[in-house]
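Each of the next two complexes has chain A plus one more chain, namely chain B in the first and chain C in the second.
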Partner chain A sequence: MQPTKSVECDGANGLRMFYSPSCAFVFATAILLAACFSSCARKESVKRKHLPPPVEADISGLPPGQHGGVFIQTSPGEPNTFNPLVSEDATSGSAIGLMLEGLTRYDPVREKVVPGLAKSWEIAPDMRTHTFRLREGVCWSDGHPLTADDVVFSFAAIYDQRFPNRGASDQTVDGHPHKIEKVDALTIRITAADTYAPFLQTIGWAPILPKHALQKNFDDGTLMKAWNIGEAIRNPDSIVASGPFLLHSFRPGERIVFKPNPHYWRADSAGKRLPYVDFVIMRFVKDFSASTVAFASGQCDAESITPDNVAWVKKSAALHDFTIHERGPSPNSSFIWFNQNPGKNKDGKPFVPAHKLKWFQNKKFRQAVSYGIDRRGIIDGVLFGRGTPLWGPETPANAKWFNPSIRQYNYSPKEAMKLLNEAGFKLDSNARLVDAENNPVSFALNTNQENPIRQNMATVFRENMKTLGIEVQLQFLDFGTFVSKIQDSFDYEAGLLGFTGGGDPAGGKAIYLSSGRLHQWNPCQPKPATEWEARIDALMNKQVKTLDENERKRLWGEVQEIMAEEQPFIYLITPNAYAGLKNKWKNIEVPRIGSIIWNLDEMFLAP
Partner chain B sequence: MKNNLFRQLVATPAGAGAFLLLAALYFAAALAPFLAPYSVSEQDLTRTYHPPCRLLWKDGRVHVQLYWNKDRTASAYEPVAGQTAPVAFFVPTQKNEKILGFIPCAWRFFSVEHPARIYLLGSDSTGRDVFSRLLYGAQISLSIGLIGICITFFLGICVGGLAGYFGGIFDHAAMRLTEWLMAIPGLYLLLSLRSALSSKFSDSGQIYIMIVLILSLLGWAGTARVIRGLTLSLRNRTFVQASEALGQTPWRILWLHLLPNLFSYLVVSATLSIPGYILGEAALSFLGIGIQEPSSSWGLMLSQAQEMKVFMLNFWWLLTPGAAIVTTVILFNILGDRLRDIVDPKFRMTP
Partner chain C sequence: MLLGISLLVFFLMNLAPGDFLTPIKAQRDISPEYIASLEKEFGLNEPWYWQYALWLKHVAACDFGYSWSYKIPVTELLAQRAPATLLLSLCSLVFSWLIAIPLGVVAAIYKGSIFDRATSWLAYFSLSLPEFFLALLAVYFAAQTGWFPTGGLTSFDFEFLSLAGQLKDMAWHLVLPTVVMGVGNVAALMRVMRANFLDSIRAEFVTAARSKGLSENQIMFRHVLRNAINPLITTLGFSFSSLLSGALLVENVMNYPGLGQLTYQAFLREDAFVVLGAVVLGSLMLVAGNLLADLLLAWSDPRIRHEK
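For the complex of A and B:
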């Protein structure tokens, strides 16, 4: 290592808090070394400020480890902000997630809500009043105690009209905000407008903000400007954290470095304060394939890998000592749907020609199309066999809520023809499918052009439909144009899209309720157009109002059955998910859904 | 003069070679429905990323080696020892496709019996034959240059010729228009035109015409300026003045006296600018805003080969459209160079 190179490193002055100047040089070099060639082992351990854990620390259930190590991730995007009220994108969200915590946390491996900043909670018999008790002795990263005042302040900021943020709609029930009351310094009472099943999970999404640091911005209305990237570059210490990490330095176009929060409120069973790692580096790369290449060449410690890349990434597993964990089906669904909107545009022209609307509204037609799709073929051919066919709205990834006994449509052109004949369709002399009025069956399928797997699915679908005598024209649009067609102008016949799923079924209200905006086959209905849509509305509304989990599973299971039977969305496939992680890290717990390093605070370097 | 030019062109090996190869390429593209063993969109999901098949001679006829998928998760294929399928020639087909859009084609040049498949250049992500798609893609990639050049030269001759001949206000207006067009960065204008028009055109035939139009409407300005300059210098020659004195109409003078004198320049410049159209189409398709699936073009095929796995798992046959583009562009440049040498001997390179 050339000594001159240390000049390029950002560590030197930021490290002053913990190290003497002579040490800083060594570790600055170490960070650079680690960032460039992470395979290069670092022997020195960083001296950290060790404070005794708080009285009511959360004790990790995983085996204890030791402090040390640098964890390197790559990210194709850069955070736009470190302010949770402003954050809209995944990269900002994941950076903020390392630094700020909510009252509750979600354990994706055990699939349950676990205590966060709140140590415990009680639910009153009215099923909507929750009393949260905060942990005693917990401090912000600057040593200021974290109390009920911070919680009240955070919700005041979220609900404040001056600060429009997406948390505001998350933290409402039927459009009404929760009532927040401070009981004493460590006790908070939160009353929801009505019983809301996923309340405990959603309350954890509201990050608790430091009142002492942000009160001034709140008062003068500049809260949305606080903690912006300029602030993070100039003065990273001003971003006060309650989570496992704090900002150490942020260099746009290069990397973010996080350091451990000396006041974090979790400890291991040996009494050591978490997190174990000394630094987390998020290095920015150009795009997803650059990120995958960085992992395959041993430059970073963790990466999600798409099915088509698994084969070649695996080749360097032994060389760079990593393992690719198979996570099973991903929670992302993909589906084809027909526009069943009976409305007319401004000029009085129907969105869909009347004879086509008649096909699309015919359940047997939709079922026949579903039977005609070779899902196994798409998986074997396009996804290298690494995928799972999908029959309903929930993918098998969401094991807790997945209903395995719904109707399946295994590839069978014969079954499809039978259903089409029953619905009055027949083949004409040119082997084209025609309806009862002799209209040849043909429609245009729209999808967005950015996604190569979706393009492949569309071309396979076209060939599959050709076997049934149906002519499909493919139209590839850019995502924005496509979305405006679906949500505003409704001038399309069929579409192919996907949803990122997983989590609580209450999150699907916008999709499954007939009044929902994402109820794409016929959105925003004033009242349900069909009996089965009315039934889904009733089931969905009932399931968010009951806290009995088995009852909720039954209700959501029935929604899945109806969706599979009626096929308003003709579900296609879900790719399997893969996670690559370096073997040197211990306490790895790869969940089926979500971030693979969700428990980064518990991960430690093997001795 | 035309015959003379052609004879001189094919007199040298470079000129003759380039001309013959290009002729063969265009011929193959025109005969795609006959030469390609499969249609442009025929998939086989059990044989994705299949490597090119080996051909061998057995029992007095050509056979194709059969392969099995050793590892589905990596699309690794291995030849099955001793298992081959005979290749049949002039196979009747039910596919009702037409050569050049009007000659019905009842045969395929070669094919193997189902369920075996012949992949001369391997298969793509949905098991389509890359060789067939290259041929069908050539129809678009190669014709776009010819059609584009026709539109460009028509516009260039009209605007440049009239501007040079009449001069004055017409000349002024036309030249400012061309300057304005040339001042706009081409690629951005192309991209914005394409995205502005994309919602209006969806069918692949319409997209094709739109791309030709966009490319040629951006390309005529340079041609118009050169033609104007040439016309201006010819205009004052005595034979033009003589025809004017004889009372011939401007159109007739343009057509009969000026155009033949411009002919040699036009031929050279056309040959040298065709590659621009081929590359323009490839660039648009590569960016995902050109020819769309399930149609095929060389740029589109190349854009589908830009994934990491193609390089890491060595699916090299997916890069053949790139080789096709490079070859065509080089051939056109050689041809253009030869033509220029013949037309303008002063520029000929001396050894």
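For the complex of A and C:
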């Protein structure tokens, strides 16, 4: 015992000795921290270079503002690339969209194609030859003139087999690429293989690339490796832009800072060159929730808000001075469908048991299920009332193309039962629904587990079906598993999924054509299995070849009617869309569909 | 070992449903030709063992492949993120050693005192707190008080700061992740230190030193501490191995732009070569760390050198 005691009393000395350097460390840290706090408030003012706008600048129709301000947005996920040929995700796409422009642009508020890099165009009487005239005096961000050579170069790159890219098929008609000819330094003639209704819109999706900067990569076949994120980190200026912004810096895992392109080709009515803001910061966050939280706590300037989050985000609207704009129904559909694929797998087993396939192929069965769904109940229960029932492929958001007079299936178990009886189904003594051969009606509904709203909708659906005596088993799968089931192995009975719609009906080819990859009830048919599918094929093919917009509306309207009548997809609801924006920004124009900051170049800070 | 680990990772990633192309397959405006051309380019139409063999062949030539989503070499991608993770790990290592060793020594010297009991209690408490939970608490703390940033490594105006300003900015961002990563380590190290120190105090050489009339300070800090610290040096080797791989959860919760975040995202996206690259890097660090630990131990403990 004694040694211990002596250790204790001497240990006190030791403690003092040992602790002194450590104390110094703590002290130093404290000083360092204090210094940090003081430095945080510091903001550097930035000098901008103002060049006179080009001769044929595009003049904004919105009220003029003044330069200045930093616009902060958050993004779940970060760009994988700054090369439009490589990009295949929304985040890369939106970053590239700030920097590169196409020949035409689309104004989502006025729902029409407006001039982009091309000032004007003419369509020849053959309805497929388009002559585009570029703006005079427009330069790339490095001061190099933008000419017809850049356009020819861009299309050569898009069509080149060495560079497989997502956008190439957009720039084809019936699988044929357009013919691109340079007429003079500022004139381009583009000939499509056939008349193609959305031509002017889709041609704008092809980003015009700077030939002077990328020719070398094109020649030696390294174009897909150009403008990668390594390049963006080391040498942001090498990514030459024609859009409103260019890269200032990119820090992976943290943020991108964009600065204004001093050579951007748009100006306001007072002759000031756009964009107004000094910097755009795209901050990366973990996921959509983190992004919403960042907006609700005032850390960013704009955010799309899902219906289930509106109520709590609204609470801090006054504190952080923002407004939540109601955009009405979103273009996102959600639907349930039955697997009607009559095929067999490799072992000769049918994808769907024969008796179930018979129900699924029966229109009256599908219509009865549709009558049995309480869509109002889903909206109230899952979306707190912030949604709209959906009856067909187009949501009311796409006002131009939406057909309001299609068949509706308002909740009516009585109507459902009537149809089921007509189709030979009846209730047995246990109140279970059985078919004509006395097979109890039950099926498994799959949806992806990452989406809680879909899971909740599936749960309501199961309860609704119980009322009809139908037993539904719910299976929540990983998205990857689910997609491989519906596209490769086809071993499932029913699915619940959604599409992001909106835009031109030509975009629905993969879904509505019977040969389509996403024609999910029975995809990739060599020839249409039913008469109504053949009719849809004919209508879809005809509407892309018709330039008269009213005629197109009629044709697409009929497709919507058939889809509503036949119910291959039993449409459920569409959530309403909301956009939050800080009030300090002016010239805000929130469109019904698409990015809420599509006109970021015209937005300015209130004085 | 490296072979085994990479094979296992490859196999497990193959078992996971879907592949890198699944998300784009579900989009309506992608043409089937494009999907087919990507499948061919990435070799996804081949069986997994064949894909692995191809990968191995390239690795033998020091080529870790290209990231499918970023289209840049995996080595370059890892090199972009490694410094941030290294910085965080080193900071937390220094932090935990600087706190744990003195606390352990003091707890041993005052064995049974209030201080000893309080630190033991704290140690058990912090050992039982999972890192990611602590990270969540830290983010909440930062959001509530506003004293620290809620994530990241730099502020928005980083590029416009002077060099000193940039250093300060980074230090300010590093405080919370360092503490979160370090706390569990402090507790473990402190307990080990205390136990070793107590063992050494009871050793015969201490009595011998006392009888020679050495001062208590000299005994404690020259002789006892030196003997007690040896086992910790082995731990240092293991810490080294986790320098580049230990921060996966914390980085993801705190939005810290390091390797862990990259690996996690690559894994979710099934960008196979990036995951493999990160795993191989982690395993290499483990091997190197063990070697380092042995060398350090030999340097600090003459008995190990002389046994040969």
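Quick note on the criterion: the second predicted complex is superposed on the first by the 561 of 607 C-alpha atoms of A that agree within 3 Å, B and C clash if a C-alpha of one lies under 4 Å from a C-alpha of the other, contacts with A are read in each partner's own complex, and residues count from 1 in each chain.
Everything below uses one rule, namely that a residue touches a chain if its C-beta (ideal position, glycine included) is under 8 Å from a C-beta of that chain, and two chains touch if they have at least 3 such contacts.
What you see is a predicted model; the values in this text were computed from it and never measured.
S.K.: So, does A:I208 touch the first partner chain B, the second partner chain C, both, or neither?
M.R.: neither
S.K.: Contacts for A:D478 in the overlay, against chain B (first) and chain C (second): which applies, first, second, both or neither?
M.R.: Both partners, chain B and chain C.
S.K.: Going by the contact rule set out at the top, does A:Q487 touch chain B (first), chain C (second), both, or neither?
M.R.: Touch status of A:Q487: second partner only.
S.K.: Looking at A:G230, would you say it contacts chain B, chain C, both, or neither? Reply first, second, both or neither.
M.R.: In the superposed model, A:G230 contacts chain C only, not chain B.
S.K.: When the two structures are laid over each other on chain A, which of chain B and chain C touches more residues of chain A?
M.R.: The partner that reaches more residues of chain A in the superposed model: C.
S.K.: Look at A:I305 in the shared chain and tell me whether it touches chain B only, chain C only, both, or neither; answer first, second, both or neither.
M.R.: Once the two structures are laid over each other on A, A:I305 reaches no partner at all.
S.K.: Should A:K286 be classified as contacting the first partner (chain B), the second (chain C), both, or neither?
M.R.: So A:K286 only meets chain C here.
S.K.: Going by the contact rule set out at the top, does A:L572 touch chain B (first), chain C (second), both, or neither?
M.R.: So A:L572 meets neither chain B nor chain C here.
S.K.: Between chain B and chain C, whom does A:L134 touch in the aligned arrangement: first, second, both, or neither?
M.R.: A:L134 sits against neither chain B nor chain C.
S.K.: In the superposed arrangement, what residues of chain A touch both chain B and chain C?
M.R.: On chain A, the residues that contact chain B in one structure and chain C in the other are 477-478, 481.
S.K.: Over in the complex, which chain B residues touch chain A? Could you list them?
M.R.: Residues in contact with chain A: 41-48, 71-75, 125-127, 195, 198-199, 202-203, 288-289, 292-294, 304, 307-309, 312-313.
S.K.: Once bound in the complex, which stretches of chain A touch chain C?
M.R.: 3-4, 6-8, 10-11, 13-15, 17-19, 22, 25, 32-33, 35-37, 39-40, 42-44, 46, 70, 72, 77, 80-81, 83, 86, 88-89, 164-166, 168-170, 224-225, 228-230, 233, 248-249, 251-255, 257, 281, 283-286, 290, 297, 477-481, 483-484, 487, 499, 507-508, 510-511, 517-518
S.K.: Under the stated contact criterion, what part of chain C meets chain A in this complex?
M.R.: 16-19, 22-26, 28-34, 37-38, 41, 69-72, 76-77, 80-81, 84, 98, 102, 105-106, 109-111, 143, 147, 152-161, 165, 168-169, 171-172, 175, 201, 206-207, 210, 215-217, 220-221, 252, 255-258, 261-262, 265, 270
S.K.: Provide the residue numbers of chain A that touch chain B in the complex, in ascending order.
M.R.: Listed in rising order, the residues of chain A that touch chain B are 289, 292-293, 296, 308-312, 315, 374, 377-378, 380-382, 384-386, 444, 449-450, 452, 455-456, 458-460, 462-463, 473-478, 481.
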